[in-house]
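Per-chain residue numbering starts at 1, and chain names A, B, C and D are given in the order in which the chains are listed.
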Amino acid sequence: MDLNSFFLMRHELLLLVIILLFVTAEIVIPRKKKGSTVHLAILLFGLHTALGFLTLEESSLFGGMFRTNSLIHFFKNVLNIGVLILLLQSADWLQKKIEKQNRGTEFFTLLFCSLLGMYFMISAGDFLMFYIGLELSTLPVAALAAYEIMKRKSSEAGIKLIFSAGLASGVSLFGISMLYATTGSIYFQDVIQVITTTNLTVLGFVLFFAGLAFKISLVPFHFWTADVYEGAPISVASYLSVISKGAAAFILMILLFTVLKPLMQVWENLIYVLALATMFTGNLFALRQHNMKRFLAFSSIAQAGFILLGLITGTQLGTATVVYFVMIYIFSNLAAFGVVQAISQKTGKENIVDYEGLYRTNPRLSLVMLLALFSLAGIPPVAGFFGKFFLFTAAASEGYYLLVFLAVVNVTISLYYYLLVVRAIFLRRGDNPVPHFSNQLYMRLGLAFTVIGILVLGLYSPLYDYIYELSGVFN
Amino acid sequence: MIPGISITEILTLSTILFFIGIYGFITRTNLISILISVELILNASVINFVMINKYLYPDILQGVLYALFIIAVAAAETALAVAIIFNLYKQTSSVEVKETETMKF
Amino acid sequence: MQTAYLLLIPLIPLLVFLVLGIFNKRIKPAVSGYIGVAGLAAATMLSCFAAFQYFFVADKVNGAYQTFIQKTAWMQFTDTLQVDMGIFIDPISVMMLVVVSTISLMVHIYSRGYMKGDAGYTKFFAFLSLFTFSMYGLVLATNLFQIYIFWELVGVSSFLLIGYYYTKTSAVAAAKKAFIVTRFADFGFLVGILIIGYYTGTFDFEALNNPAGSAIQNWAFTSTFMGLSAITWALILIFMGGAGKSAMFPLHIWLPDAMEGPTPVSALIHAATMVVAGVYLVARLFPMFLFVDDGFVLQVVAYVGAFSSLFAAVIALTQTDIKRVLAFSTMSQIGYMMMALGVSGFDGHEGVGYMASMFHLFTHAMFKALLFLGAGAVIHAVHSNYLQDMGGLRKYMPVTNFTFLVAALAIAGVPPLAGFWSKDEILVAAYENSPLLYGIGVVVAGLTAFYMFRLYFGIFWGKNTRYAHTPHEAPLSMTIPLVLLAFFTSVVGFIPFSRFVTADKMGFEAHLNYPLAAIAVAVGAAGILLAWLFYKTENDLSDRFAHAFGSLYLWTSHKFYFDELYLFITRNIIFRYISAPIAFFDKKFVDGTMEGIGNKTVLLSRKIMSVQSGKVQDYAFGFIGGVVLLAAVFIYLWTF
Amino acid sequence: MDILSLFVLVPVLVVALLALTTGLKQARLVALAGGLLQFGMAVNLLFAYLQERAVNDAIFVFTRDIVWFKQLNIHYSIGVDGISVALLLLTAIILLAGIFISWKIDDLPKEFFISLLVLATGVYGFFISIDLFTMFLFYEIAVIPMYLLIGIWGSGPKEYSAMKLTLMLMGASAVLLVGILGIYFNSIAGGGALTFNILEIANVNIPYEAQLLFFPLTFVGFAVLGALFPFHTWSPDGHASAPTAVSMLHAGVLMKLGGYGVFRVAMFLLPAGALEWSWFFIILSAIGVIYGAFAAIRQTDLKYINAYSSVSHLGMVLFALLMLNKTAWNGAILQSLSHGFMTALFFALIGMIYSRTHTRDITRLGGLLKVIPFISAIYVIAGLASLGLPGFSGFVAEMNIFVGSFQQEGLFHRVATLVSVSAIVVTAVYILRVVGIMLMGPVKNEEFLDLPQATWYETTGILLLLLPIVGIGVAPLWLSDMILKSIQPFIQAVL
């Protein structure tokens, strides 16, 4: 392999460079000036995101350990955009942190490391690369969750995350070892040849699946989610719920549709069960949450359940709808978290009750929140509606009408609690509503991007068709 | 090939180890010992990989390689976990797991 | 015959109504009165001219008056079933035109005096015009559906006029009662129409009434229900509608209360025109009633009519509210007409009953309107409806006294006044058909004479009541109509009605049946004499007489407790035992279920709350448990 | 830009304009302008349609078809027939009247009109859609603003009612979604592509089992919005809490989506299912008719009375649709129209009375005819219209329904028909009860003696609604012809 085939790994390499830059920045930039690293981060990562859009042919490296294709490439770009928006939204908060508690640039380093992990995870061509990517994407987030060293809750979140993650990776490794035992290889292209439904493979698959289910936080592997979201800084929670969940869902889809295709008759039932469990549990828990972050945590669990509706199909349509939905979900959830972030960092309020009368003081923020919630609930004409509708179409195309019906019942339940927030913001006047404030530029940009995403992704149909064409690669 | 020991015993061993780890994880009250249990779980799979490689597919060293990586990652994980536990200790001056149960429902 | 101008007859009142209704506030009362009268005068002239044209100018087709129809499509139901709006000119409609116009005109003139100074003067005339318009429409209807449409319209205008004094609770109640009872009857009417429409495929009277037409010929081939053919049922239901409007037993209860309305209204709507709509309806469909099922329904009509007339007459004996007496007398007289129709045949002298009924309708309109207007004048003078507040009024209001007497004699069937002739014909018809009906007829004739003169003597003779302020004769605007009507009452009897209005439109020579006439007159005279004895001068004969009857007297004076019965049905059955439970059921169960689903969900979410215990080890347990469970399920249970 | 897409575009633009306005005066002026514009468009459409229909006998005219989501074969495909034209006109008129009625809305006027127009957009879009997907999309767009409209500007237990209404309607749309997907995946025309297009699906005959399965889903999904017993309970509370203009639009227009959808989708695409299931839903709707009427007798809150009468009247619509013949369907459409106008008029009047007396409890009102003669007189007229008096639209509609349902032989249909016909008596009872207690009789409360008379905008609003009622009632032929022509292809599909 020659040098320029390394450029297939453009995303990874660029990001690595950026990471190294920040490590050095940690050393060279004096404490007083650390605050400015925020701008640097946004600048560099924006550049990285832009470069990511350069086309590249699909191929694989290292004897198939690392592979990339148009869909993966596309998805990496989606992740980039997500992280960029995340940075924009948390810039203000970070700057304050760094200046007040004179922290270093570790936040960026860790964040980008985790993202790098995701890259490797979704382009993994064998279980080893996959495992390393998984861990690389999880562990830094645990550190980030504990970023607020002064807050006990933050450390608690960190601990919960890292222990659960450790357990999960342990279990899934045990599973992988069994798969290895049965197939005799850790390379996907070899595994797919020989894998069959024997008891051992099924066991191994279930154990392995648990590891990923943990990251997507499917029931019953979801328990950590709410607590971590609540304890961790908002931007981290947002990252967990959006980027890491999205990436995990994507890789799960790749694995199911390619490597584990032979086990379909097992995993389609597995997913059927988990989808129902996840949707209902997520919704039922979300019903009575008071803390915005916890609320969004459970809502995101429910959303994960919806994603499974697309996974269950194992068809191109399924792939397309899942990617499409995840993309829309990323934008919607980022918008929601962005508003929470904005309000929290100005007033420190995070409870739904505090949002009462928000519209009358901060109409713009409220509208963003409204759009976000509607998109999550799947109300037209915002993107979420299309995402959900297509997911259901995918599921129905395989004849899972009952599942679709139950899913739609869940949409109605979820609508209830989304409307609770809308009620607080629009219907109530509130005793002491959040006073009017204006956001700083980055936050505005961040929210603006999400809003554009929410409005455009659905109505602008060529996008979906494009994704559909890309999705051909797995079938 | 260890003479006289078939793969069954070894897999049994690793499985027992795995479940000991899980048991420890669930029952210990001290964060450090929970961390140790996690290590046990990981090591169980390490043994698996190595032995499966050795007994079943001796020609390529995939399993062993995998094991090495697992060990490395486990180390990193432990370090990170301990760091966070220290952080908690700073605030609560205790490393009991019950300190981490404020957020619920 | 040229019929286009006839369209004006209904349209003029409509125009008047619209003008008065829309510019209600802007028009001065006096002006509006003139507008109303002028409009009606025009309509009346046209009607009379039309009658003259129709009966004397327009040529007959082999001896029968022909029918002129002018219509335009209004609604297309199915490919076959269509509803037209138009005018239908035949003997009875022309006759009704004259009746309606005359009475309405009289009432209009009268009202200018009677309603003077009333707040809603303009509104009143607007309503009168609305009613007149609807009545014209009803009379001229070309098909069942059109008649139903205007049927409803007269109903609502009657509702508006009864409730004219809308601040009076009793008036409101009466109006509601009138509307709902008739509405209930109309429900039957409508179903009847639907059946007819479905089985005969037409609503047009022409097609329906043609004795050779399919509607009549094929009645037996329609599906049957409880042994009667569908068409028979349809006719019964249609008659139900008629009975409702014409206050036949047992749907009569609204009529007495309807007297809450202003007296001119009672005269116009509840004596002369609207209440006979039922009779008109039966007459309109007479061939069907006669030929379908061999006149079975017609028998029903006859007996219902006869019973109602007797029933009402008995009640009328004991009422003390003069308007109610008149109301029951109206009911009784309409029963007479129904009976006459019921006993009628079709062609030639067979159809004497039909002719008699129409004749009686005609004359009755005159003298009953006269009676009401007279009563109105009295009430206007005494400010009370009750006999006990009256007496000896002949001294104060001679004109009223005289005209009232004429009317009373007429209704009592004293020759040569109008009532005598028509009533005689009816009795003849009844006699030829069944002795029972004839007997009832005679008894009713006697009763009628008695209660009518009880009324007359009670008002104008009897005790000399002391009046707070001496009553005086009504103003000219009120007396003129009285006089005119009195004149009509005395002359119309001589119209050779049988030449003009007959079932087969042929016309025949009716001649007095002397013995029957003699009996009738004798009975009437007896009634009058009895009344003379009881009420001419103040005495206690009547009371002793009443005591002799005891409970029967009580029952009759309470109208046989029918109102109470209806009250029970509406208040208790409908409100308490149907509506209330349904409303409750709706809140409690239907709504409750929906509520329940929501509440249960929230409850459930509370129940499972503790699963999220916050203990990382519990989470681990859940995690492992999940893994083990799933593995077990997919390895052992859900195997492939 | 074609004449139909304007109906979606213009409201959106007006919304955009409204977003820029500040204060009540600007907002209502812009809204009024928008309302007038849409009214003009609707009238223009009516005449354009009549001309077009004369030369063009396609099922839908002014059709336009733009591919939207190529892969799923979703099109933005629109077109109208007589029915949708009539309903569009209804919508435009009621919207305009609603804007007039809410002339004095004080709290967040801008947002109020925006939500109102969003709702209207949804309704317009729904009526012009030929594609199931867009239809469903617009359906939900139309429903969701109700939450804000009731929740923010409502009265009484508004949050509860708003939530209840939204959830029940969305739950219904959930069922509907499954039905639509079911239709979609059975819509393969001889190996062709799956399609959402109604006309294309109509040419396919969907497998019998599928029809049996998906008809009830589709029917219920739509009929809940048409207040099908026992799923009507959102409507009384919703109406009672909603502000006047919203009640008008909701009862007047939004609830019509139910009947329309049943007619366009459930009946047209799943005829076999319709035939199989009709008996069951006939029972439900007949119950609804009589049940609503009786329930209305007992209420004392004006809005509740009207809501239950809506249950009764719209039950009539569904009942007629299930009778599966031309006349009844014609009646159903006419009933939708006339009920739309009448109930909107009612709610407008109730709003006026409430704004003056601050109560909707008829037992505390009385003798209003004396105090506010104009409003009361109109109320009487509306009442008479609503109890099916000839000369008003309600009569025409009901007669069509009754004659139509009488075309159905057989005891079951006969009995059901009689039950629903008997509603005309009960209706009279509860209408006259209100008239008797509230408008007639002595004035109960002295401070009511000097209530302000109707203002110019109120009068305008009222007349806007009253004229069509009388117009249809007096000269129904042209309208029913227009509708009958459009029904023809659908009835052929079913029979």
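Please note the rule applied: a contact is a pair of C-beta atoms (placed from the backbone, for glycine too) under 8 Å apart; a residue touches a chain by one contact, two chains touch by 3 or more.
Please read all numbers here as calculations on a predicted model, not as lab measurements.
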item: Most remote chain, CA-based centroid, reference being subunit D; value: B
item: Chain pair with the higher count of C-beta pairs in contact (B-C, C-D); value: C-D
item: Central chain of the complex, centres being mean CA coordinates; value: D
item: Mean-CA-position distance for subunit D and subunit B (Å); value: 65
item: Chain centre separation in whole Å, for subunit D relative to subunit C (CA means); value: 37
item: Cα-centroid distance, subunit B relative to subunit C, in whole angstrom; value: 98
item: Distance between the centres, which are taken as Cα means, of subunit B and subunit A, whole angstrom; value: 27
item: For subunit D, residues that touch 2 or more chains besides their own; value: 167
item: Sequence positions of subunit B contacting 2 or more other chains; value: 22, 25, 34, 100, 102-104
item: Where subunit C touches two or more other chains, by residue; value: 598, 609, 612, 614, 616, 620, 624
item: Chain-chain contacts as defined at top; value: A-B, A-C, A-D, B-C, C-D
item: Subunit C residues touching subunit B - in the complex, by the definition given at the top; value: 609-610, 612-617, 620-621, 624
item: Sites on subunit C touched by subunit D in the complex; value: 73-78, 81, 145, 148-150, 152-153, 156, 163, 166-167, 169, 172-173, 175-176, 179-180, 183-184, 186-187, 190-191, 194-195, 197-198, 574-575, 578-580, 582-583, 586, 590-591, 593-594, 598
item: Complex contacts: residues of subunit B adjacent to subunit C; value: 22, 25-28, 34, 97, 100-105
item: Touch list for subunit D against partner subunit C, complex; value: 164, 167-168, 229-230, 232-234, 291, 294-295, 297-299, 326-327, 367, 369-370, 384, 389-391, 395-396, 399-400, 402-404, 406-407, 418, 421-422, 424-425, 428-429, 432-433, 436, 439-443, 475-477, 480-481, 484
item: Residues of subunit B defined as touching subunit A within the complex; value: 18, 21-22, 25, 31, 34-35, 38, 41-42, 44-45, 48-49, 52, 56-57, 60, 62-63, 65-66, 69-70, 73, 76-77, 80-81, 83-85, 87-88, 90-92, 99-100, 102-104
